[in-house]
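One chain, subunit A, links the two complexes that follow: it is found with subunit B in the first and with subunit C in the second.
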Partner chain A sequence: MTMKPWVWGWAAAGLAFVVTLMLTSGRGAGELAYAALSFGAFAAIVGLGQMLVITLGPGNVDLSIPACMTLAGTLALKTMGSDPNTAFLGLAVALATGFGVGCVNFLLIWLLRLPPIIATLAASLIYQSLAIWSNRGLRIKPPEGLADFATGRFIGVPNVAWVALILAVVVWVILERAVWGRWLLASGQNARAARLAGIPVEAVRAATYLSVSVFAALAGYLLASFSGGAALNMGAEYLLTSIAVVVIGGSSIAGGNSNVPGVLGAALFMFLVVSMLNSYGAGAGIKSVLTGTIIIAIVIAASTRRSRQ
Partner chain B sequence: MSVLERTPVVVLRDAAKHFGPVKALNGVSLSVAPGECLGLVGHNGAGKSTLVNLVNGTFPASSGEVTFPDGTQGVRSVFQELSLCANLSVAENLSIAHPDLKGFGWRGPARAEILASLDQVFPDHGIHPDTEVDQLTIAERQMVEIAIGFAPRGGAARLVILDEPTSSLDEGIARQLLSHVKAFCASGGAIIFISHMLGEIFDVSSRIVVLKDGVVVADRPAAEFDRQGLVDAMGHVAPEGPQTETGRAALGEVVIRAEGLEARRGEIVGLSGLAGHGQAAALARLYLAQTSDWRAGRGARAVFVAGDRPRDGVLPLWSILRNMSVSVLARDAKGGLVDTGAERRLAEVWQKRIGIRTGDLTNPILSLSGGNQQKVLFARALASDASVIVMDDPMRGVDVGTKQDVYAIVRAEAAKGRTFLWYSTETEEVCQCDRVFVFRNGEISAELTGDDITEEKILEASFEMMEAS
Partner chain C sequence: MKSILMGAATLALMAGAVHAEGHSAATADKRIALSNNYAGNSWRQAMLQTYAETAEAAVADGVVAAADAFTTSENQTTEQAAQIQNMILQGYDAILLNAASPTALNGAVKEACDAGVKVISFDSIVTEPCAWRIAVDFVEMGRQEVDYLATRLPEGGNLLEIRGLAGVSTDDAISQGIHDGIAEHSQFEIVGSVHGDWAQDVAQKAVAGILPSLPDVVGVVTQGGDGYGAAEAFAAAGRPTPLIILGNRQDELKWWAEQRDANGYETLSLSIAPGVASLAFWVGQQILAGEDVPKDLTVPFLTITQDDLDSALETTPEGSVANVSYTLEDAQAVIAGAK
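Coming up: the complex of A and B.
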C-alpha cells in the first residue's frame, strides 16, 4: 500500500490552491492560506466528530451538528455577554451544551430505538428552536481577548487550525493506539460480533455520540468567536461538509475504518474548491454543480484506487 | 458401462491458483465423471475451497486449465459459508439462481420447485417457501441452500459441489442428505463431496482425492482406503478412538445456573439435540446475560466462541492479530492504550499452540481458510481469563487433526478449572462432555451424566416429543 487513500484529499487541496493562485499570479497566497486553514479548521473539527459516528457502522450519522454548533455558540456568547475574562466560562458553557445535546441524541437513539438519522434530525429542530428562543435576534460580540485568539496566529498558523490539529492528533492516538479506538473500529465492522467478543458496544456508542456533539459545540464556540458573534444560520453549511470531509478523506462509509489525516486534507479541500470557483467568478448555480461534481470525482478516484490494492 | 468410459463433467489439467505469494493450489489434475461421487479431503488450508472455486468459476486458474466437455450448465455449488440472501424468502432465493423464472407469476413456480426439491432431499423438513431466510436456523438455511443446488432450475443438476454440507446439520438430516447423494449418483449425477467427517466420506464416495498443501497426494477408489490410511495420507497423526482421561480435576462448585442449564467449575457441559431446537439461542442469551453492553471489566466472566463466523465472530476488516486480541485488550492495556508488544507475544503463543497456518499474523483475517479463521476465534476466547467459555457449534469446517488438538486444549483448560458450555451438532463431540443437556423445541428435554451419555440416549431425548405429537 504505497498510496494511502488520504493522499487524494491532500492532493486535491493542493491542486485547488495552485489553480486559485494561477489567476492572481501568486499574489494573495498568504491570505488564501490563512482563510483556508481557519475555515478548514471548523470543518475539520466537526468532520472528526462525524467520522467517529460514521465509523460506528451503517446507519450511524449525526445530523444535529449545525443546530448543536448554533446552540453552543449562542449560549456561550450570551453567558459571556462581551465581558472580558469570561472566555473559559463561555467555553465551559459551550462544551456543557455539547454534552447535553449528545446525551439527548443518544437517549433518543438508545431508549426510543430511533434510527440515528431521524433522532438527530428531529432533535436538531429542538436545538435550533432553543437557540432562536435564547438569542432573540441579538448579535452579542465575543469578549475582545477571545476574538483576538480566534482570529490570531501562532508561528504563522491560525490558532483555530492549531486547535483542530491538536484535536486530530488526540483522535488519531485514540483510534490507533487506545483500547477504546479498537472497540469503536470493531463495533463498526460487525456490532454483533463485537458484542460477542466482549466489547461494551453500548458504552462505545454513547461515548461516540457524546464526542461528536462536544466537537460540534467546540466548533460553534470558536466559529462564533471568530466571526464576531453567533448567527442562527452559522452551522447550516456544516451539515453536508461534515459528511463530505469524512467520505473524501477516505473513511469507509460502511463503518469500521476511519482516516484522520484524510479528514484534515478534505476539510482544506472543501474550502479551497469554493474559493477557487469564487475567484474565477463562477455564479452560485455553477458553483454548486461544480462542487458536487468534484466531490463525486474525488470519491470515485479514491475508491477505485483502494479496490485495486 | 464403466465410469471411465463416460465423458467427464469437468476436467482439471495441472490447474494452479496463486494469491500473491500464497500458493493455494499448486498444479492439480483430476476429472469427475457422471455417476461418480468424488470425496475430497484435506486439512484446513489444503486448497479444497480453492479447488471448488476454480470449478464453479468464482475465479480463473493462475495456470493450467479447467474444462467442461459438455458445457457448464448444470454445474452447481453449495457453499460452506452460506450464500443465501437473508432478507429474501426461500422461494425468492431460488429464483435468483433460476434464469427462466421471470415476468409475472414467477412466485408460484418458484414455491413449487423449491418445495419439491426440499421434499426430495429432506423429507419432513418443515420449511415453508415463503419464510424469510433470516428467520431460519443455520441448519435450515443450509438445507435450503442444498435444495437449491439440487433443484432443476430450468435444466437438471449434473455436478453438485457440496462443501462441508453437513457441518451444521444434525445426524438425522445429514443421513437424509447422504442417501440423496447416493440416489443422485446412481441416476447419473456427479458429486464433489467435501467433508472433514471421514465416516461420511466413506459412506458416499466412489473415489477419494486427498489434497495436501495445494497438491493431490492420493486419488484412488474409496474401497482402497481405510480410515487410518486416509488420515495418514492427509498427513496429520490423529489419535484413534476416545481420548484417555488424563488428570481430570474433581468438579467444583456450581459457577453458572441460567436458562435451565447448570455447570460446575471445571466441567464440560454439552448441549445437544436436533439442530435449531433453541440451543444456540439459549447460549447467546446466557452469554449476553453474563456480560454487559456497558462495561468490559478486566476479568470478564464469560467468553463466546462463534460457530456462525461471518455473523457472530469475524471482524472482516482486521488482521489475524487484531481479531485474536480483541477480547483481552482491556486486560493488557496500559493507561488505556493497547500494549502492542504484549498483543503480539500473545498472538504468537496462540498461533503456535493452536496451529494457525499463516506466514504473517498481520495478514487480513479473510486471507485464512474457514477452518483457520475458526482457530483464531478459539484463540481469542482461550487467551482470555474468563472462567466460563461458551461455544456455539465451533467445530464447523474444522479438520480432524485440529479437532483433536482443540479437544485436548479444552480438556487441559477444564482441568485447570475453566467451565465449558458446548453446543455441537456432532454427537461424537457431545459424548466427550461430562454432562449433556438435550434440547427439544426450545426446552431441555433431558439431562444426561456419566455413562448415560450415549448416542442412543441423546437421540431418544431429541425425538421423543415428535413421535408423541
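Coming up: the complex of A and C.
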C-alpha cells in the first residue's frame, strides 16, 4: 500500500500537537485543539483557493490574496458599520469584492497576457490602496451577532472550522466527482493537450481565478469578524501561508495534482508548529529557522513518496 | 488631551514665552518633504492625517512654502533611498524621514546632507550622524510597564510578554526595557513570549497558541496594538483576564472602559503618539529658521491612566489611535529640554 502524500501534513500536525502537550503533561489539550481549529480555518480557506490556482500549472499563483482579504474585510465592515442584522449584507459585499478582484486578476492575465505572478502582485497594490483609501485604516467593530458567530462553536468545534470544512467538502466533490475538476486537472497537466481535447481551458482558468479571490474574500470577512475589525495589514501573513499549506498538503507545485485533505492537515500544522516553538520559548530567529526546516523536511518527505509511486 | 502629555505641556508654556515669534518669516520660502516608508496600518494613517493637518495650516499661514508627504508603497529601503534622492533633486530644503531601516538609508541621507538638505528622522530613526533624530525612549517605556505592574501586583507572579515585529529595533528596545524592569522587580517572571507584530489578529493567534502550555498568568506586558487581541484570546480560552498593559488603540480603550464599568478593571495604556510627525515638522521648521537644535531629541510617550480614560476615548476617533498634535511651542520645549 502506498502512502498518500496528504498523510505527511496530518502526521506533522499530530506530532507538533503531542510535542506541545508533552510540556504541560497533557493539560490544555482541548484548548490547544480548539485554537488550532479556529486559526487553521482561515489558512485552510485561503489555502483551498491557492491550491486550485496552483493546480492550473506552472506559473499560476495568486499573490493578491492578502490584499483581497484586507479589501473585502474593510469594505464589508464599513458597510455593516456595527449595525445589527447586517451580517448577510456584509457577506454579500465581501463576496462581491472577491468576485470583482477575481475578474480584474483574470482580465489582466488573459487580455494583457501578463504572467499571473506579475498581474496579481501589481493588482494587489491597487487593492491595498483601495482598502487604505476607503477607510483610512480605522477599525470598525463587526455587528455583535456576527462577532458571536465568528468566535462561537457548534458541537464543540469552532464555527469558522465548520465553514472551512464545508468548503473543503465542496471543493473535494468538484475536483474528484465533477467534470469541472477533471478539466482543471487536465489543464494543469498539459494545457495544450487539454485544449486540443476540447476542454474550455480559458473558462477553467477564469473560474479558478474567481474562486481563489472569492475564497480569500470570505476568509477576510470571517477574520475581520473574528478579531474585532478589519486592519490594513490583516492579510499579510496569509501570502506565504496559503502557498505553504498547498505544498505541505502534498499538492504538486508544478500543477495538475491537488489534494484537499492535505491542505486541511497542513493548515492545522502551520498553527501548531508556531505554538509548539512559542511554548518551548524559542527566540524569533530560531523559530523562523526551525519553521523553514520543518516545512522543507515535510515537502521532501511528501514528494519522495510520490516519485516512488 | 494635553494634560496626559507628560511634562511636555508645562515645558511648552515656559519656552513659548521666550520664542514667541518662532522665526516663521525666515522659513516662508522653504520647502519641506516627508519621506514615509509605510502606510499600511491605523497608526501610520493617523500619522499622515496629523501631518497633513499641520502642514496644510503651516502653508496657509505662510510659515513654509510647501510641506508635501510621500509614502513608499513597498516598505523597501532601496525604494526609500531613491525617493530621498528624488527629493534632493526636487530641491527640498528639509526632509522629514520615517525610515525603513536604521542603517540602510545612511548613504542617501549623507547625500542629502552634502547637498545642504536638512534631514530630520523620527519614530524609526537613522544612525547617520549628519541627520537629526527624534526618538522615543522605548527602553524606558518597557521599564515603566513593569514598574506599573509592581505597584498593582506587589506580590508578583507570572507574566506573558507580547513582542512586536522581530528584527525591528523598536521591538528589541521595548523588550529590553521590560527585561530590565523584571530584573529590578524579581517577584515577576516571564513564562511565555510571543511575537504579535503590533497587530490585534496576529497577537490573538499567537497568544491562543501559547496559552494552553502556560501556568496562571497575572499580567501581560505588550508593545501597543496587541492588547485587545490578547484579551480576546484569554476570553476564548476561558481564563480570567489578567492585567493587560494597553497601547492606546481605540478598540483597546473601549474594551478597557467596558471592563471598568463591568468589574472595575484597572490598567495603564502607553504608546508613541502618531502626532510625532507634526513635532518633526516643527523641529524641521526651527532648524531651517537657523535655530541651534541638538541632533538627538527625545519625544515623550503618550500615557493614558485610569483618570484620563474617558477624555482620551472622547477625543480618539472610532477605530483609530489616541493622538496628540504637537505645536511649535511643543517643539521648542523639546529642543530646549535637549540642550
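By our rule, the second predicted complex is superposed on the first by the 307 of 309 C-alpha atoms of A that agree within 3 Å, B and C clash if a C-alpha of one lies under 4 Å from a C-alpha of the other, contacts with A are read in each partner's own complex, and residues count from 1 in each chain.
What we mean here is this: a residue touches a chain if its C-beta (ideal position, glycine included) is under 8 Å from a C-beta of that chain, and two chains touch if they have at least 3 such contacts.
Everything quoted here is computed from the prediction, not taken from an experiment.
With the C-alpha superposition on subunit A as described, subunit C and subunit B fit side by side in the combined arrangement. Once the two complexes are overlaid on the shared chain, A:125 sits against subunit C while remaining clear of subunit B.
Once the two complexes are overlaid on the shared chain, A:138 sits against subunit C while remaining clear of subunit B. Once the two complexes are laid over each other on the shared chain, residue contacts for A:24 go to subunit C alone; subunit B is not touched. Touch criterion met: A:179 reaches subunit B, while subunit C stays clear of it. By the touch criterion stated above, A:52 is placed in contact with neither subunit B nor subunit C.
Looking at the shared chain after the overlay, A:281 reaches subunit C, while subunit B stays out of its contact range.
Once the two complexes are overlaid on the shared chain, A:234 sits against subunit C while remaining clear of subunit B. Of the two partner chains, neither subunit B nor subunit C is touched by A:168.
Contact with subunit B, but none with subunit C, is seen for A:196 once the two complexes are overlaid on the shared chain.
Greater residue coverage of subunit A by touch, when subunit B is weighed against subunit C, goes to C.
Aligning both complexes on chain A leaves subunit B and subunit C separated at their closest CA atoms by 35 Å. Remark: subunit C residues 39-42, 44-46, 49, 73, 163, 166-167, 192-195, 197, 199-202, 204-206, 208-214, 228-229, 232, 236-238, 249-251, 317-320 touch subunit A in the complex. For subunit B in complex with subunit A, the touching residues are 284, 287-288, 291-296, 300, 303-304, 306, 311-318, 322, 326-327, 329-330, 333, 336-338, 380, 384. Residues of subunit A touching subunit B in their complex: 173, 177-180, 182-183, 185-186, 189-190, 192-203, 252, 256-257.
Subunit A meets subunit C in the complex at residues 20-21, 23-24, 27-29, 31-32, 34-36, 38-39, 125, 128, 132, 136-141, 151, 223, 226-229, 231-234, 237, 271-272, 274-275, 278-279, 281, 284-285, 288.
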